[in-house]
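There are structures below to look over.
Here come two complexes built around chain A, the first alongside chain B, the second alongside chain C.
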Partner chain A sequence: MSFMTYLSKRVVRMVLSLTAVSMITFTLLQLAPGNFADIQRISAGASQFGGAGTEDMVHAFASRYGEEIPAWRQYLIFMKGAVTWDFGPSYKYPAQDVQDIIAQGFPISATIAIIAVLLSLVIAIPVGVYAAVRQNSAADHGTMFLITLGTALPNYLTGVILVLVFTLTLGVLPSSGWDGPQHMVMPVLALVLGPTAVLARYVRSSMLETLREEYVVAALAKGGPRSTVITRHALRNSMIPIVTVLGPLLASLMTGTVFVEALFRIPGLGLYFAQAAASRDMPLLMGTALFFALILMTMNLIVDLVYGYLDPRIRAAGGVSRWRRSQKSPQRQPA
Partner chain B sequence: MATITEEPAAATGVEADKARSHWARAWARFRANKLAFASLIFCALLIVTALAAPWIAPYHFSETDPDARLAPLLTDGHLLGTDLLGRDIFSRLIYGLRTALFVAFGAELASLVVAILIGLSAGYIGGRVDQGLMGITDVMYAFPSYLFAIVLVTVMGRSLWAVMLAIGISSWVTQARLVRAQVLTVKEREYVEAARSMGASGMTISIRYILPNAIGPLLVTTSFAIPAAIGAEAGLALLGLGVQPPTPSWGSMISEGTSYILAAPHLLFLPATLFALTLLAFTWVGDGIRDAFDTSGEDR
Partner chain C sequence: MSSASSLEVEDLRTEFVLRDRVLRVVDDVSFTVEPGQALAIVGESGSGKSVAMRSVMRLLPKTGRVAGGQARLGGTDLLGLSERQMRKVRGRDIGMVFQNAMEALNPTLTLERQLTEHLLWHGICDRAEAKRRAVETLGDVGIPEPEKRIRTYPFQLSGGMRQRAMIAMAMVTQPSVLIADEPTTAVDVTVQRQLLDLLARLKARGTGVIMITHDLGVARYFCDDAIVMYAGRVVEHSPIRPLLAHPAHPYTSGLFSSTLEVGARQRALRPIPGSPPDLAHRPPGCAFHPRCDRAEERCGQEDQPLLPWSGNGSDLVPGTVAETGRPTDERTDDRADERTGRREVACWKAVQHG
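== the complex of A and B ==
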């Protein structure tokens, strides 16, 4: 299978999946009790029809979707805009188009996610290698213990612990808000622990496997210095499986920042998504859901391509994702 | 030899290990893991506490004490203090535990049922059915599970059952894939073929011969999924999308706690600590189960 056929097949599948995601989200939202106007009225606590938000919303609704048009037409109108990256105005923030909200909120989520992933790579690789080289030593057991902590605690709980230490006890960092580097420290640290644990576990088990390979044994037997053999021969090959975890990890981080955003009151995209669901803001919810799904699928595609590039055996077997799925899922803990 | 029945018990090492069943060996390995065994006892205590919450908790979770608002630790009558409305924290922690475990176990049961049904049919029937069902799991895979749970809770409301179902429905994919993979490996084995040639129906083969082989791996993934579901429940509550107040959830307690962090830090500290301990205990049990079933050797 040539590269282009493979790529086009994957792109077609992505488009189909995105369509399915949009249909599921839209249908679910239609089934949800109450519409945007109801929710606004309830949360405004006003008995009279229409608060300030409702008037604007009816206006926005009328200009784009018309009044009293059936749900399936609303869906088509939305999707017609969506293919040209025009999701229309949000109900809740009628002055803003959804794509502008995405353009505003996503960089915030992405920034903390990317810093967290980079930082976790910087920490996880040496830690994993060290644990593997000293297998079954006290250092190895200690590392494995920390890894369990990292996989067991959700990022917002780590965030709470950080708040208790840095804000309450030491009083050095602000516990909420978003303007300046001091607001980034705790959210990033809260996000780092989980991916570090996953990556370190992978690096360690991958390294253990590579260290037993004949070429490593041969390199050592030839009298190569141990550190050179480990970094030049073993580490390089151990990195291949790591690539597969990295994509899903980054993707799940970008969507998983929502809890950290809620905890530290950061105006990221995840928070907009949660609010959109609660307030039945159809365009905003659909737009963000599609955007997140697109990110997730693109990450998976890139990882598959990179993996195929790094290890031609998999490319030849046709379809990386099938192979990858037969491996242990990245969320689960590899032995 | 007269004492032949006592022989296996007296034998040591490998022979005794072989004499026992797969499950007994797994249990023996689990017992030997001190951390996992201690965690199991702790988890059992948590479950009993959750079940007996109405008898253990000194107050009902929504009972307010207007004379004691934001009471500190060790207040008379309120061992762990009270929250802003004067509700007893100790009682709310216990009822929060009840919420967390009810949602987590219920959600995992629901997701197991879906996963087994879909995985078995996809793997055993194969062909079009397989392609169709795996197509569905592909779509689910593309939908970030937290976001899906958020949308589902919006649709179904914020009752305990809705939160439980939302978490269950958004987390079955990995397990369905696992069941399917197991079915595919077992399907062509001789004993399954033998059963088929003797006229056993597809249902019988699936349940009697294929499913038991998948139970070990399923148990491992489920034991890790339980703490994940506990985390998801609290996470939803943190976003204000969990169970409807005043039903307590550790997530909403944490969320409230962050607002009064300087005035009453125990509002944040207590639920976070109990939450972390619970998650760790369940994860260590999961680690123990995985190691007990993992016969591959010295790596771990």
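== the complex of A and C ==
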């Protein structure tokens, strides 16, 4: 199977999956109790919109979704726009189209996510390899203890500690906002710990498995320096399972981390996603959910392509999905 | 390149240190491999054959340690070298061929990478020359279109080709000694023959070969000498042909009568009863005595040292290869070999009965 055939098959599958995701999300939204207008009315006292304001808004977006239009037609209208990347205006932010909200929030969330994941890789790979090479030593046990601690610490708690140290005590970093590199440091640090811990664990166990392979002994028997044998012969093969976790991990961070973005007041996607779900803001929820699905699928596609780069056997088989399905699938890490 | 050094292993002892005890896995093993000679190491699984070889290469797992003895290559004791010096010996002076090329070749690196990297590590030549040598060696081992094949990955080759590529990988540095750990076990018979011919050519060029094998046919075809190991010790040491014709140690004859050989007259297979001892509970005296049908009280009391042996053993062990109608001219060969080779056996009964 040629690469192009493989790729187009994958794209067709992505489109089908996205359609399914949109149907399921829309159905769930319809089944959820309450609707946008009711929720706005109930929270009217606390909201910036008055009761009358809400009525105005309902009329304002009636141009696209009238109140009397049945749900299935609302869905079709939304999807008709969606295929041309036009999700229409948000209920809650009627001045903005959903795709514009995504275009604003996504680069911010993605920047934090990519930096955080890269940083955690840079830390996790050497730590995992170090622990694996010194298996069962005090160094290994110590590292793994710290790693377990890292997994147990939620990122919003880390964030609070960071604010206490860097803003309130040292006064070197701003605690909120999004304007330049000084605003990135703490959110990235808060996000890095969890993925680092998870990845280091994977690297260690994968490396331990690879180090037992006979080709590692064979490379040592050829006179290879230990460090070269580890980096050239063992590490590459150990990275294959790591890539599997990396894709979904990156996707979930890129589409916004609700707590960390809220804590540091970062105008990323996570905030909008959470608001959309809470206020039953159909276009915003559908738009962000579909976007999330798209990012996740793209990441998985990239992961599969990287497999092919790392392992020529997969490249030769012309497709990864069949091979991957036969592998033990690692658990997805919640963001 | 030192293409004419012999490997002399003397009183090699290897131990595995477990949580609560120490297991001696290789016990006072000695042998010599001269340039252009091949030594077979024969024995059941777990008899310490592979561990002995890993000890010489100093590639034991973390729990293993060499507790004594020497392994001299061209006069230098490998066991006394620093890790850095030892690294220069591995792959350059001693090459290693593994049982299963599918596992011993890295699946994600091309043959070129795997056949040239040690030439570069050892500073033998530059990259271009390394590639030229690798292509040449691949051609030597009978891989067609070596210039093209060198760019492929191990999984793209057939089983036989892979095994040959692995031998090429060990050969490319022209080591003085080649250790082959059951190189033909994982391949079918026709390929086996080709691989043996390949190793025979290597031997003819002056490489000393150590072959770990279960297969007596292979040992007979290819090797000059043999040691038979049982529970970490050498129980018999002999030139190969007299050994096959007249095994002296009851374990050796048991091993022979439990294997089939093509071309030999039909005979009943007689398995050795029981299984090899757990090294943590090594039987006292001769470790083989609980399984030996000729054991006497003395066998369980005295350690059996290797002693010179000059008998023909046929009265002691009836029904072995010697009596299965091997052509007479081969028997004459056996006698010719006996003149040159010293035989040793670790069994007082065999020594007494001559």
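Everything below uses one rule, namely that the second predicted complex is superposed on the first by the 269 of 335 C-alpha atoms of A that agree within 3 Å, B and C clash if a C-alpha of one lies under 4 Å from a C-alpha of the other, contacts with A are read in each partner's own complex, and residues count from 1 in each chain.
As a working rule, contacts are C-beta pairs under 8 Å (C-beta built on N, C-alpha and C of every residue); 3 or more make two chains touch, one makes a residue touch a chain.
Bear in mind the structure is a predicted one, so any value in this text is a computation, not a measurement.
Using the contact criterion defined above for the overlaid structures, shared-chain residue A:303 touches neither chain B nor chain C, since it reaches no partner.
A simple residue count on chain A separates chain B from chain C, and the partner touching more is B. Residue contacts after overlaying the shared chain place A:221 against chain C, while chain B stays out of touching range. Of the two partner chains placed by the overlay, only chain B lies in contact with A:24; chain C stays clear of it.
In the superposition on chain A, A:233 contacts chain C only, with no contact to chain B. Of all residues in chain A, those touching chain B in their complex are 13, 17-18, 20-21, 24-25, 28-29, 31-33, 148-149, 151-154, 156-157, 160-161, 163-164, 167-168, 175-176, 205, 208, 251-252, 255-256, 258-259, 262-263, 273-274, 277-278, 280, 285, 289, 292-293, 296-297, 325-326, 329, 331-333, 335. Touching chain A in their complex are the following residues of chain B: 138-139, 142-144, 146-147, 150-155, 157, 174, 177, 181, 221, 224, 227, 231, 234-235, 238-241, 254-255, 257-258, 261-262, 265, 268-269, 272, 275-276, 279-280, 282-284, 287, 290, 294, 296, 299-300.
Residues 57, 59, 87-92, 95-96, 98, 100, 103-109, 117-118, 121-122, 153, 155-156, 166, 169 of chain C are the ones that touch chain A when the two sit in their complex.
Remark: chain A residues 213-215, 217-225, 228, 232-233, 236-237, 310-313, 316 touch chain C in the complex.
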